[in-house]
Amino acid sequence: MRYEVRVADHALGVEIDTGGRALVDGEAVAAQLDEIVRGRQWQVVLEGRTHEITLLTREPMRLLVDGREVDASAVDERALAASRGTRQHASGRHELRAPMPGLLRAVHVKEGDIVERDAPLCTLEAMKMENELRAPVRARVVRLDARVGMKVEGGAVLAVLSEVE
Amino acid sequence: MRYEVRVADHALGVEIDTGGRALVDGEAVAAQLDEIVRGRQWQVVLEGRTHEITLLTREPMRLLVDGREVDASAVDERALAASRGTRQHASGRHELRAPMPGLLRAVHVKEGDIVERDAPLCTLEAMKMENELRAPVRARVVRLDARVGMKVEGGAVLAVLSEVE
Amino acid sequence: MTALRKVLIANRGEIAVRIIRTCRDLGMAAVAVYSEADRDALHVRLADEAYLIGPAAPRESYLAIDKLVAVAQRSGCDAVHPGYGFLAENADFASAVKAAGLCFVGPPAGVQRLLGEKTRARRLAAEAGVAVVEGTSEALRDLAAARTAATRVGYPVMLKAAAGGGGKGMRVVRTAAELEASWRVASGEAAGAFGTPDLFLERLVDGARHIEMQLIADDHGNVVWLGERDCSVQRRHQKLIEESPGPSVDAALRARIGDAAVRIARRAGYRNAGTVEFLVGERGEVFFLEVNTRLQVEHPVTELVTGLDLVALQFRVAAGERLPFTQDDVIRRGAAIELRVTAEDAPGGFVPASGTIALLRLPSGPGVRVEHALFEGMRVPTEYDPLLAKIVVWGEDRATALARARRAVRETIVAGLPTSLAFHAHTLDDPDFVAGRYDTGFVAAHWPPASPAELEGTALTAAALVAVLATRVRASHVANGVATAWQRTAREDALR
Amino acid sequence: MTALRKVLIANRGEIAVRIIRTCRDLGMAAVAVYSEADRDALHVRLADEAYLIGPAAPRESYLAIDKLVAVAQRSGCDAVHPGYGFLAENADFASAVKAAGLCFVGPPAGVQRLLGEKTRARRLAAEAGVAVVEGTSEALRDLAAARTAATRVGYPVMLKAAAGGGGKGMRVVRTAAELEASWRVASGEAAGAFGTPDLFLERLVDGARHIEMQLIADDHGNVVWLGERDCSVQRRHQKLIEESPGPSVDAALRARIGDAAVRIARRAGYRNAGTVEFLVGERGEVFFLEVNTRLQVEHPVTELVTGLDLVALQFRVAAGERLPFTQDDVIRRGAAIELRVTAEDAPGGFVPASGTIALLRLPSGPGVRVEHALFEGMRVPTEYDPLLAKIVVWGEDRATALARARRAVRETIVAGLPTSLAFHAHTLDDPDFVAGRYDTGFVAAHWPPASPAELEGTALTAAALVAVLATRVRASHVANGVATAWQRTAREDALR
């Protein structure tokens, strides 16, 4: 099985053959790999160098590698093939999600509005602080689920934007 | 279900009725009981007093209660009924078990010997130290499984003693 | 060891645990309170007694004065320690505690009222001969009054909550155009945090350092300053790193600030531990900011440099004891730095985060102290302050303290939610920070970094392998939370 | 910061982690070695590089000089730190390291040889004008020679390994009848631990305190004493608690012992860190015992009192630097106490135990430092020293240090195997220990306690409830150990 892996700014191809051998960008790697905490922390010894790697968060994936935080992702080729279609289809479509649970203190837009990049869309209060959620790109608000006073879960979709040039 | 419970020097009767209520020595107790770590650590709030209780070791059971180590045991009435027979039968019978894995450096007795209380029976080497295993009571060595040079697991039976007056 | 026997701790989290520790050291019983969100909290388990005081919402639990006083009386306490935040600077709480015949471990209500009104505090400082930043000496009536005042002192200006503190209800206003929007947000925050929307404004001092002086005062007229802390590394006016001595502070400046702080404290009739905050300009001009009439989050920095236990001193002077030392007895040695580990996604711009602590490893070894209330399986509540832990290091000099701070961060693992740790790892290697060249603009200018953390050869390969494994494992179940143990037990019995 | 760039740490466990920390602080790369029993060990994960050197048995791994030197060369190290135990006092190792062109972080082989022979060390001390306990100045030829010598000095006597140290191969012999059996056991242990069965004997000094003096010496003739540690709380000649200052040591005695230690060190041409052990009798008589030519387990006690990093100083002087201070510059402040948490069943009479760390909570807060290499899921190997962790506390005075030690023990949880913690909890409340009235007979006289720990009302009820629950839960699986992740992955792929 092949995986397209991204670690920080790097893209790597990882292949695991039926013998359980791992190849990175085509090169077989002889790593001593120990799982220290099931599904959470691993130790990798490679060419004598030892690396302690902890899964900090799963979605999005963030790893702690010897004390350095890096974003990462790994998609196997089948999932990749499957997802490409939807990606195409979804190109230019953006969902605004609540980064954490909280209370919607203000909504600054309405459906149909065209908003500039970084324009504040709504204000979410969590942990005694107000957080402005902004537009990732210049876009039209095609759907708005956010209502003032609404208590939202982390990850809840607050609005759907459609990118406009 | 009733349990005969021993905590340090105290014997208590604990009963759990079908409603899930707990009675200690016949008195219903209204405790807030939270399991902090599954099967390992609990928090009990009782009459405002809060107690953090950790299962240190299972066999024999040792609990850490607010920083105090105490030996404990709990046997439900059926197990009790079952075991009583064997206890009767086994009265005066003692098994000498290895307290930890190690190497038997010396065996000081042979089968049939009568040994005094605290007499050294064999020497187990573990963690770079020699540990004399001694007779719990004055007894006859009815069976001897210990052999010099033997590597033994923790808990392995090394000898069976029969108490003699 | 003090006249006090039993203390109610009207707080939660790491500061509640911190206070419980000193209670034990002084032989006092510690009584904890907790909201429904904190049933399993560490401060509940480490206390001698604990009482549920209501739902997660602070107003119904940690801010409910009546409930707290009732618990203190019912449990037979003779003192109440408010910690920081929540009711720590609420004069009504201090009076309610006193009225109930209990000892309040902090300054008297009168002093809190006087200094809690930021505009009155500014006037008092001026009377004590301490410079204040040009601004309004009264709360602003309305937006129009704000416009006039802002035009008078000149932009950029800083809007501040008149009843405020702790960075809430504060907004920088760089142009007249921004004033109205900022006014709305700031007064909204002020109303939410302090119950009154009143604001005042000051000229913004750019390129200034936020330097504060720790004080301790007894009931016998003794006021001693213990040393400064540079708290300029802030985002959204929230401190991230504090250190002592301040890299820019020499003995002369330290004495000047200490002296100014003592003058203000004496004029206010101050008691117990407190902190006077100053702005220090590029050319060493010192301006009074405000007085924090409570224990500070960053008090361990001063404890490591002086060898003192500030919480123990709070209890002693609250019990009426004299300070066990004079100004000249205070010994300061080496350098200390505190790193605040918060439940905020630093790479994502410090967006507050929530989650469950899935894996926890805290640093230890020479010169490292950690204050926290964390445990694996703990759900971090969203209702409260995002502070997770404080990593505080000491070294014989600043370079050693910095090296130890780097080492401590390298050892620390808090998995399960985003944190501020990446910011600390980055900042401890930042040339400006290492050189001590920073002011209150530091975070804005240095974070997020231009390029993400780099991985060299084998680390990159190893990370790629783990990324593949990590996508394949299900979220590992974390045992935690309220047990239905009895119900389970009963059900199992029925089946036997 | 030193001339050294990369260090091989020829050890494991907490001391390997301790040394890695100072390597980081000094900007040196740390290379770890590990046996098959330590694949997942913390020192492997915290190091920059790690190399497998053989099976669990020390002789084939941590005692294999050739393997260690080979790894040091292959990985491009310029120095080797031996830690304590294993090869730390093995002169052949020191020479092998030097012969390989590497810097040995410790005294030169010649000094180790001289002081490693306990009888020669006794003669050297005598020449330096320091009293030694009456005994044999040479190793004993045989049992007969032992009989003669014992009769001469008079029973009770102490049998000691001539090549020994660290309490191994030591036996108290109270009567002539016991001599033969003790001779057999002691020489057996000596052969096992040091490769030679040679023994010598001394008169047993009853009611004496074990007091040692920490030294540091550079290559430029500077030798400085840093302060004493009272290590009288021992069982089987293994230390359990160490503290500084010694409760029975006044400034005059401290200076006398420090001076004696320096004289011995100068005469031996000593270099690097070392400790001179003394017996101090009830009337203050001081007898030389031996010199430990290495870092001690209990070195953090001196670090907390002096504010120094002894491991950093070891590296600096090993690199040829001058000591950065003179005798008069050394500042000692407050009191420090170390508690050794070992994998031994204290209630069961300190029987060595083994197991897996099922739950771990280490203490923190004011004045508390912990040195350890533990993590949940760790299997404690039976092949090595039973030391699990060192809880070291500091306070401005001994009473404060004691209070903090009690608090730290109260917070500590090491579940999954029996430990020595119950002993510490008991001892910290023992009136004699609290009063500082103890000698090397303390443990035998005070442990196990007459009555077990008592639980009052609600604690007893709560414990009973939990006892019932605990009997019903299965041993919770602890994720740990070598993963077969790739095989699993491959198998799953095949099924898709």
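Which chain is which? They are A, B, C and D, in the order written, and residues in each are numbered from 1.
Heads up, the rule we're going with is that contacts are C-beta pairs under 8 Å (C-beta built on N, C-alpha and C of every residue); 3 or more make two chains touch, one makes a residue touch a chain.
Keep in mind it's a predicted model, so treat the numbers as computed, not measured.
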| item | value |
| --- | --- |
| Pair joined by more contacting C-beta pairs (A-D or B-D) | B-D |
| Maximum centroid distance from chain D, chain identifier (CA atoms) | A |
| Centroid distance [mean C-alpha coordinates] between chain D and chain A, Å | 48 |
| Intercentroid distance (Cα basis), chain D paired with chain B, Å | 31 |
| Chain C and chain D, separation of their C-alpha mean positions in angstrom | 39 |
| Gap in Å, rounded to a whole number, between the CA centres of chain B and chain A | 51 |
| Shared interface positions of chain D, touching two or more other chains | 46, 375-376, 410-411, 468-469, 476, 479, 485, 489 |
| For chain B, residues that touch 2 or more chains besides their own | 16, 22, 33, 35, 37-40, 42, 49 |
| Arrangement of touching chains [line / ring / star / complete / other] | other |
| List of chain C residues in touch with chain A within their complex | 168, 185, 188-189, 192-193, 236, 343, 345, 347-348, 351-355, 358-359, 382-386, 409-418, 421-422, 425, 451-455, 457-471, 473-476 |
| Complex contacts: residues of chain B adjacent to chain D | 3, 5-10, 12, 14, 16, 22, 24, 29, 31, 33, 35, 37-42, 44, 46-47, 49, 51, 53-58, 61-76, 99-102, 105, 126-131, 154 |
| Chain D residues touching chain A - in the complex, by the definition given at the top | 32, 39-40, 44-52, 75, 375-377, 479-483, 485-487, 489-491, 493-494, 496 |
| Complex interface listing, chain B residues touching chain C | 1, 16-22, 32-40, 42-43, 45, 48-50, 52, 78 |
| Contact footprint of chain D on chain C as seen in their complex | 17-18, 21-22, 24-27, 46, 300, 303, 307-309, 331, 333-334, 361-362, 364-372, 375-376, 396, 400, 403-404, 406-407, 410-411, 468-469, 472, 476, 479, 485, 489, 492 |
